[in-house]
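Shared between the two complexes below is subunit A, which pairs with subunit B and subunit C, respectively.
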Partner chain A sequence: MGMREYILKRVILIIPMLMGISFIVFMLMYLMPGDAVDLMLALQPDTDPAYVAHIKSIYGLDKPWYIQYFYWLKQFATFNLGSSFLSGRDVSEEIGARVVNTLSYQLLAVVFSIGVAIPAGIVSAVRQYSKTDNLVMTAALLGVSFPIFFLGLMNIFIFALILGWLPSGGAHSTVFLGKDIPHDFSYYFDYLKHLALPTLTLGLASTAYNARLVRSSMLNVLREDYIMTARAKGLKERIVIYKHALRNAMLPVITVTGMQIALTLGGAPITETVFSWPGLGKYFVYAIQHRDYFVIVGITVVLGTLILVANVLIDISYKWLDPRVEF
Partner chain B sequence: MADNLLEIKGLRTYFYTEDGIVRALEGIDIHIEQGETLGLVGESGCGKTVTALSVLRLVPDPPGKIIDGEILFEGVNLLALSESDMRQIRGNDISMIFQDPQSALNPVYTVDNQLREVIELHQGLGKKEARQKAIEMLDLVGIPDPDARVDDFPHQFSGGMKQRVMIAMALSCNPKMLVADEPTTNLDVTVQAQVLDMINNLKRELGTTVLLITHNLGVIAEMSDHVGVMYAGRLVEYGEVDIVFHAPLHPYTIALHEAIPKVTEKKQKLGVIKGVVPNLIYPPSGCRFHPRCDFATEVCEKEQPNGEWIGDHYVECWHKREGTKL
Partner chain C sequence: MNVKTRKVSMVLSIVLLTSLVLSLFGTTAIAQEQEITKVPFTEDYSKYPPFFSITQIAPIGNKVREQYTQAVNLEMPKIGIQADFKLLEFGDLINREFNNYYGKSYSEDGFDISSFGWSVGVDPDPFDIFHSSAMTPIGNNVTFWYCPEADEMLAKARVEIDQAKRKEYLWRFQEIVADEQPYCVVYIPLNMWASIDTFEGFSGLLWTQNYDAASWSIPGKDTIVYGTPAAVEGMLVWRWNSVYGYYCNQQIFQTLWQNDDNLNMSPLLADSTTEGPTIVFAPSMLDDASIEAMAPDVNKCNVSSKLAEPVVFPEYFDIKIREGIMFHDGVEMTSEDIKWSFDACVSPDTAFQGYGTFRDVYGGSEIVDKYTLRVYVGMPHAAWLRYCDTNILPKHLYGDIPITGAEAATKWMESDVNRGETVIGSGPFIFDSWEADQYWKLKKNPNYWGSKYGLPEAGCDFFVLKLIPEREAARVALETGEIDMMDTYYNLTAIGEDLEATPGIKLWTSEQFGYQHLHFNCRNPYLANKYVRQAISSCIDRQGIVDNLLGGYGVPGRNPVAVPSWAFNTNIAPDPYDLAKARELMDTAGYRYYIIEKQVTVEGGEAGAGGTSTTTLIVIGIVALIVGLAIGYMVKKKD
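Take a look at the complex of A and B:
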C-alpha cells in the first residue's frame, strides 16, 4: 500500500472513531444527575413544573439520551456542533475562541520538551554514570515524580511570587482586556509572558520523561554494531552520535511523544485550572459543571480529532525516520 | 623475514567490570607481514575480537582499556597517536568488517550514503565522484546492477549481499590492512565460500594485508599464510599454516584439531576439550590452559611458560608436543 492510500485510509477512519467517542461521551453525560435546566433552576425550586417541562422539551432534553444522540449526530454530519445551553452561542464559535489558547501552550510544551530532552538525554547516554548523567537523571526523576498540578503550583510560587518575573495566571494582563485593544507587539509579548508558566509546567513533566527515554534509547543504539562500523570508518564522534545513533534512537521517542499528546491534551483541564488559562480544558470543566451537553461533546470531538490527526502525523514521521517501515 | 606491516608487542587489554577486572588480553605479541593473511583462531572469549578492536583502538571505554603494550603499524605506535590522528587511520589505512552484516550497516541510511561517507572523509572526493566510486566498489564486490542498488537501504539486501556491501565499504579507501572479524560466521555455507573467495581475490588484486579472525579452522586453512592460536588472552602458538596444522606443538592446538569431524576417518567419537573457557577475572595460575590440558604437570600450575621460537614457529608451553603428526 502506498503512502497516499495509507494516509487516506487513516483520515477516513477518523470518522467512525469520532462517532464512537461521541457516543460514549453522550452515554456518560446522561449518567450524571440533572441537566442544564435543572441546574439553572436549582436556586428557584418552586418554579412551575409544567414550565420546566416546556423548557426541557424545547431543548429536546425530555427525550431519551440515544434519541438526543441521534439528533446530535444528524447535526454533526453537517459539521454543526449545536449551540451552548448557557451562552446560546454556537459551540464551534465558543471552541474557536479558546482552541488557539490550548494549542499554543500545548505545542510549545512539546517543542520545549523535545528541545530540552534530546540534548539532555544524549549527554547522559554518552557520558553514562558521569556527574552530568547523574544530575540529569536525578532532575528527571524528580520531574516524573511530581504531579502536574504540584509542578504548576511550585512554578507559580517561584516565578510569580518569589521572583515576580511572570504572571501567575490568565492569558492577558487587565490592560489588554476589553474592546479596541491594538494587537501590537506589547500585546503579544504580554500573551507570551502569560504563556510561559503553563508551557514550562507541562513541558517540564514530559521533558523529564523524555530525557530518560532518549537516554535509554540512545544507550541501546550505541551498543549496536553499526555504531562500531561508523567509528571504524574514522568518523568523528559527533557524526557517529548525531548522524548514526540519534536517528535510530528517535524512533521510540516519537512513539511516546505521540502518546503524550493524548495525555497532555487530556490533562488540559488540570493545567488550565491551575493557571486560570482560558483554553478548552478549563471550559470543559465549566461545561461539565453546568451540564452544557453540546459543549462537552463538542470539545471532546475537537480534542479527539486533534489527537487522531497527531497520531497520523506520528505514523508518517516513522516512515520518514525509518525506511524499513512499510504501510 | 619480510617487512612487518603490523607488530603487536606485549598488548594488555583489560575490562573494568563491576565483578572485577577481566584480563581479556594478557600480554600478546603478534606480527603480520606485508601482504599476507594472518588467521587468529580460538574459542569464544579468548580475545580474538578484543585484539582486533585494540588494533583500531575501538575497545569500548568504559569498561575496556588498553593498559600496556605497543601496536606498531608501519613502525608507528598507534597507542601513542592522538584521537584525531587515529581517525585518519581508521577506515583509511586499516578498516574492519564485522561478524554480523545484518546489524553492521545502519538501517536508516542508504548504501550510497554509508559508502560515500567514508570515501568523502578519507579521499576528499565530492558527492558525485564519491557516488561513482561507491558504485565501482559495489561492482567490484559482485553486486549486480550497482547503479540502482546503490540507492537501496540495507534491509533490501540479503545477508551475503550485505557482507559484500560491508567489504566494499571497508576496501573503498584502499586500506593497507583489513581486519575481518568472523566475516562469514553468520552467513549460509554456500555464501560463506563466495565471500571468502572474494576476500581472497580482492586481497590479491589490491595487495591488502588481512587479519582474519575466526573460530573455523577450515577457513584459516583456506585463507591464511600464518596462523595464531589464542587461548584465554594469550597467544599460545604461531606459525605457518601448514606447520601449525600438520605438526602442532601446543596441546591446545592439537585438541582443537581432534575436535574437528573428518570425512576421511571412521572415528566414532570426536575429541573433546574437557572443561570450559576460564573466567578471565580469575584466570588459572601458571599456564592458563593447564586445568584442561592432558599433559599438565606441577610446573604448568605454578609458572607461566615462556614463549619459545623454533625457527618461524612459536609456542608457549612447558611440554610442547614435538613430533606430533596430524
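Take a look at the complex of A and C:
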C-alpha cells in the first residue's frame, strides 16, 4: 500500500473511531449520578418534582440516553456539536475559544522537550558514565519524579515570586484585559510571557522522560555493527552520531512522543488549573462536574481527533526516518 | 439382724438419703439465685466488635471539611460505631441526598451521615430544611426528620410578622434541634479575605449579604482586581452557575432592596411600600394530598404537616420605585420593567433557578402608575418583601425574548445579554467585557443615578474579577501585585497565620452566615435514635477542629442559624467533646459493653453464708453416711 492510500485509509478510519468514542462517552456520562438540572436545582428551595421534570423536558434530559445520543449524532453529521447547557453558547464556539490556548502550550512543550531532550540524551549516551552523563540523568530522574502539580507550583514560586521574571498565571496581564485593548505586539508578547510557565512545566516533565529514552536508544544503536562500520570507514564522529545513529535512535522517541501527546492532553486539566490557563482541559473538568453533556462529548471528539491526527503524522514520520518502513 | 438393728439402720439410711437430697437441692436452689451484675465498661470500645456500621460521606473540595470528617470517623469506633468514610464527587453526593426518596441508606444509594455546609440568610427561614413537608425531593429536608413541635414552630415563624414573636418561635425551634440533633453543627469558620494593605472600604461580609464593590477603592490605583477560585459562565443574572456570576451581576443589575451595614433591609430601587387590605390565606404548607400528588414515594413515609393553618396577611403590597433611576443606556426605569422582570424570572419556561421562594411569594402584579407596581401575595411570609425581589432588567431591550413557551429557555440562553453582547443594567458599574475562564471586567458608571439619593458611586474606574483556581497560585498573584484581593472561598483560614505574617498583606474577617455540619438520615434504623445522634455529637472535638484545622479562625458550632442573625439562640452551647458522656448516651440508646460480675447469694443471707450452708449440708450427709455404715457394720458384727 502506498503512502497516499495509507493516509487516506487512516483519515477515513477516524470517522468510525470518533463515532465509537462518542458513543462510549455518551453511555458513560449517563452512568454518572445526576444530570445538569439535578445539580442546578438540588440546593434550591421548593424544588417541586413537576418543575424539575419540566426543566428536564425543555433540555431533552427526560429522554433515554440512546435517544439523546441519536439526536446528538444527527447534529454532529452537520458539524454541529450542540449548545452548552451552562453557558447557552455553541459547543464549537466554546471549544474554539479554548483550543488554541491548549494547543499553543502543548505544542511548545513538545518542541521544548524534543529540543532539550535530544542533545541531552545524545551527550549522555556518547559520554556514558561521565560527569555530564550523571548530571543529565540525575536531572532527568528528578524531572520524572516530580508530579506536574508540584513542578508547576515550584516554577511559580521561583519564576514569579522570587525572581519576578514571569507572571504567575492567566493568559494576559490585567492591562491587556478588555474589549478596547489593541491586539498589537505588546499584547502578544504579554501572551507569550504568560505561556512560558505552563510550557516550561509541561516541557520539563516530558524532557526528563525523553532524555532518558534518547540516551538508552542511542546506546543501543551505537553498539550496532553498522556504526562500527561507519567508524571503520573513517567517518567523522559527528557524522556517525548525527547522521547514522541519531536517525535510527529517533524511531522509539517518535513513537513515545506520539503517545505523550495523548498523555499531556489528558494531563491538561492539572497544568491549566495550576496556571489559571484558559484551555480545554480545565473546561473539560468543569463540564464533567456540572454534567454539561454536549460539552463533554464535544471536547472528547475534538481531543480524539487531535490524537488520531497526531498518530497519523507520526506514522508518516516513520517513513521519513526509515525508508524501509512499509505500510 | 434383729428388728431394732434394722430400724436403726433404716433411720440412718433415711437420714443419709435426706441429707444427700437436701445438699443437692440446696446447691441447685442457690445457683438459681445467682445475680449477674453488669458493670459499665467505660474504656475505649474500639478494640471490640462494633454495635453497628454506617457510612459517612462528604463532597470533595473543602479540605477542612474532609479532614474533620475523617477525625470524627476515627472517634466513632470509641463509642462502638464502625464508620466508613467516602469522599464523593459533588454530583454523586447531591444525587444520594437530594434525590433520596424515603430515606435510603448509603448501601441503597442514599446516605447515612453526611458532612455538608449551608449558608443561611440574615432573615432565616429554616422551614425548607427542617419541616416535614419539605422532605426530599420536594424540599431540602434531607434528614427525613419529623418533629411535630418543630413543624409548628417553623410554620408559625414563617408567617409571623412581629419579629419578637418570630424570634421566640425560632429560639424554641433551635432548642428542639439542639436536643434532637438531626443536624449536628460542628463549626462556623470565619470568612477571611486577603488583600494588599492599601485596600479600602471593604465591609468583610459574605457576598450574598452585603457585597458592595462600589465602596471599594485603592488609593493610587484605578483598577481593582479580585481573585476568585471558580469560573463564571454566562451573563444572565437570573441564571447563575457560580456565586461569582451572581456577585458580578449584582454590580450591574440592581434589586429593590439591599442590606444596610446592620443587615437590615434598606431601599435601593424601591422608594416605599404600602400594604393592601388583609385577607385570609389558605395554609401555605403542603398537606398530605399535595405531597401525594407531587411525590407519591415521599408520602409513604407517612409524615407530613398536620399543622397547616389559615393565615391573615395583606392581599398585596404597592411598591413604589424611586424616580429618575436610569439604565446604562440612558432610559428611565419604570414599574413596567419591574413587572416584566418579575414575570420573566418566575416563569417555569425560562428555567431560571434559585428563585423557589420568590416563585412562592410572588402572586402576580399589575401596574398602578409609572413608578408604582401592585404585587399580589402568592404565599404569606414574614420576610415577604425581602423574598419578593430580584434583579431588574430593562424591558425595552430584552422584552422581545419570550418568557413563556417551549423555546423561552433556549432563547434566553442564546440572548445577547447572556452572551455578554448587550448587558445593560442600572448599577454603579457598567459591563465592559469578559472572556470565558479568564476574567470579567466592569467599568465605572459615570452617570450613576444613585448619587442623588446618597448611594455610593464606584470607587474605582475598573473592577476586574479574575479567575485563579489554585489557592497558592492566587497567593503568589497577590504578593506580586497581579491581584488586589483574594476571595474568601479560597479557604484562607488554613493559611491565615502565614498570611498575617506576610508584609504588605492585610486580612479581613467576618462572621459567617453558614455553618459546617453533619446531618443524619433519620430513617436509618440506628440513626433514628436521637441518643445515638447525640452520642456522635459528643465525640466531636469541636474546639480541637477550630484550633487545629482552622488555625483558630472560627468558632465551635451548635445552632443551624447564622451567628450574626437576630434569630440566633445564644443560650445554646456547643456539645463538649466527652467520650464518657457519648458512651452513656449510647447506653441510653441501648448500645453498651459491660463487665459481667457473678455474685452468689442466699435469700436473706450473704453470698458467703450461702456457700457455707451448702458445704455443711454436704459434710452432714457424708458424716451421716459414714456413721450409718459404721453402726450397720457394728450391729451386723454383734449379731
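In the analysis below, the second predicted complex is superposed on the first by the 326 of 327 C-alpha atoms of A that agree within 3 Å, B and C clash if a C-alpha of one lies under 4 Å from a C-alpha of the other, contacts with A are read in each partner's own complex, and residues count from 1 in each chain.
Here is the rule we go by: a residue touches a chain if its C-beta (ideal position, glycine included) is under 8 Å from a C-beta of that chain, and two chains touch if they have at least 3 such contacts.
Remember, predicted model here, so these are calculated numbers, not experimental data.
Q: When the two structures are superposed on subunit A, do subunit B and subunit C clash or fit side by side?
A: The answer is fit.
Q: Between subunit B and subunit C, point out the one touching more subunit A residues.
A: C
Q: Answer with first, second, both or neither: which of subunit B and subunit C does A:164 touch in the superposed model?
A: Touch status of A:164: second partner only.
Q: Does the superposition put A:173 against subunit B (first), subunit C (second), both, or neither?
A: In the superposition, A:173 contacts subunit C only.
Q: Mind working out whether A:324 is in touch with subunit B, subunit C, both or neither, as first, second, both or neither?
A: In the superposition, A:324 touches subunit B alone.
Q: Put subunit A at the vertex: what angle do the Cα centres of subunit B and subunit C make there, to the nearest 10 degrees?
A: For this superposition the angle at subunit A equals 140 degrees.
Q: Kindly classify A:235 by the partners it touches after superposition: subunit B alone (first), subunit C alone (second), both, or neither?
A: First partner only, subunit B.
Q: What is the contact status of A:209 with respect to subunit B (first) and subunit C (second): first, second, both, or neither?
A: neither
Q: With both complexes superposed on chain A, which partner does A:275 reach: first (subunit B), second (subunit C), both or neither?
A: In the superposed model, A:275 contacts subunit C only, not subunit B.
Q: Aligned on chain A, what is the least Cα gap between subunit B and subunit C? Give it in whole Å.
A: 48
Q: Give the list of subunit A residues in touch with subunit C in this complex.
A: Going through subunit A, the ones touching subunit C are 32-34, 38-52, 54-55, 58-59, 83-84, 86-89, 94, 97-98, 153, 156-157, 160-161, 164, 167-174, 177-179, 273-276, 278-279, 282-283, 286, 289-291.
Q: Considering only the defined contacts, which subunit C positions touch subunit A in the complex?
A: 89-92, 94-96, 98-99, 128, 134, 137-140, 223, 225, 231, 233-234, 236, 241, 294-295, 348-349, 351, 353-357, 359-360, 406, 409-410, 412-415, 418-419, 432-433, 435-439, 441, 462, 464, 466-470, 472-473, 476-477, 479-480, 482
Q: Could you pull out which subunit A residues touch subunit B in their complex?
A: These residues of subunit A touch subunit B: 129, 224-226, 228-236, 244, 247-248, 321-324.
Q: Quick one: which bits of subunit B touch subunit A in the complex? Just the residue numbers, please.
A: The contact residues of subunit B facing subunit A are 56, 58, 62, 87-92, 95-96, 98-100, 103-110, 117-118, 121-122, 153, 155, 166, 169.
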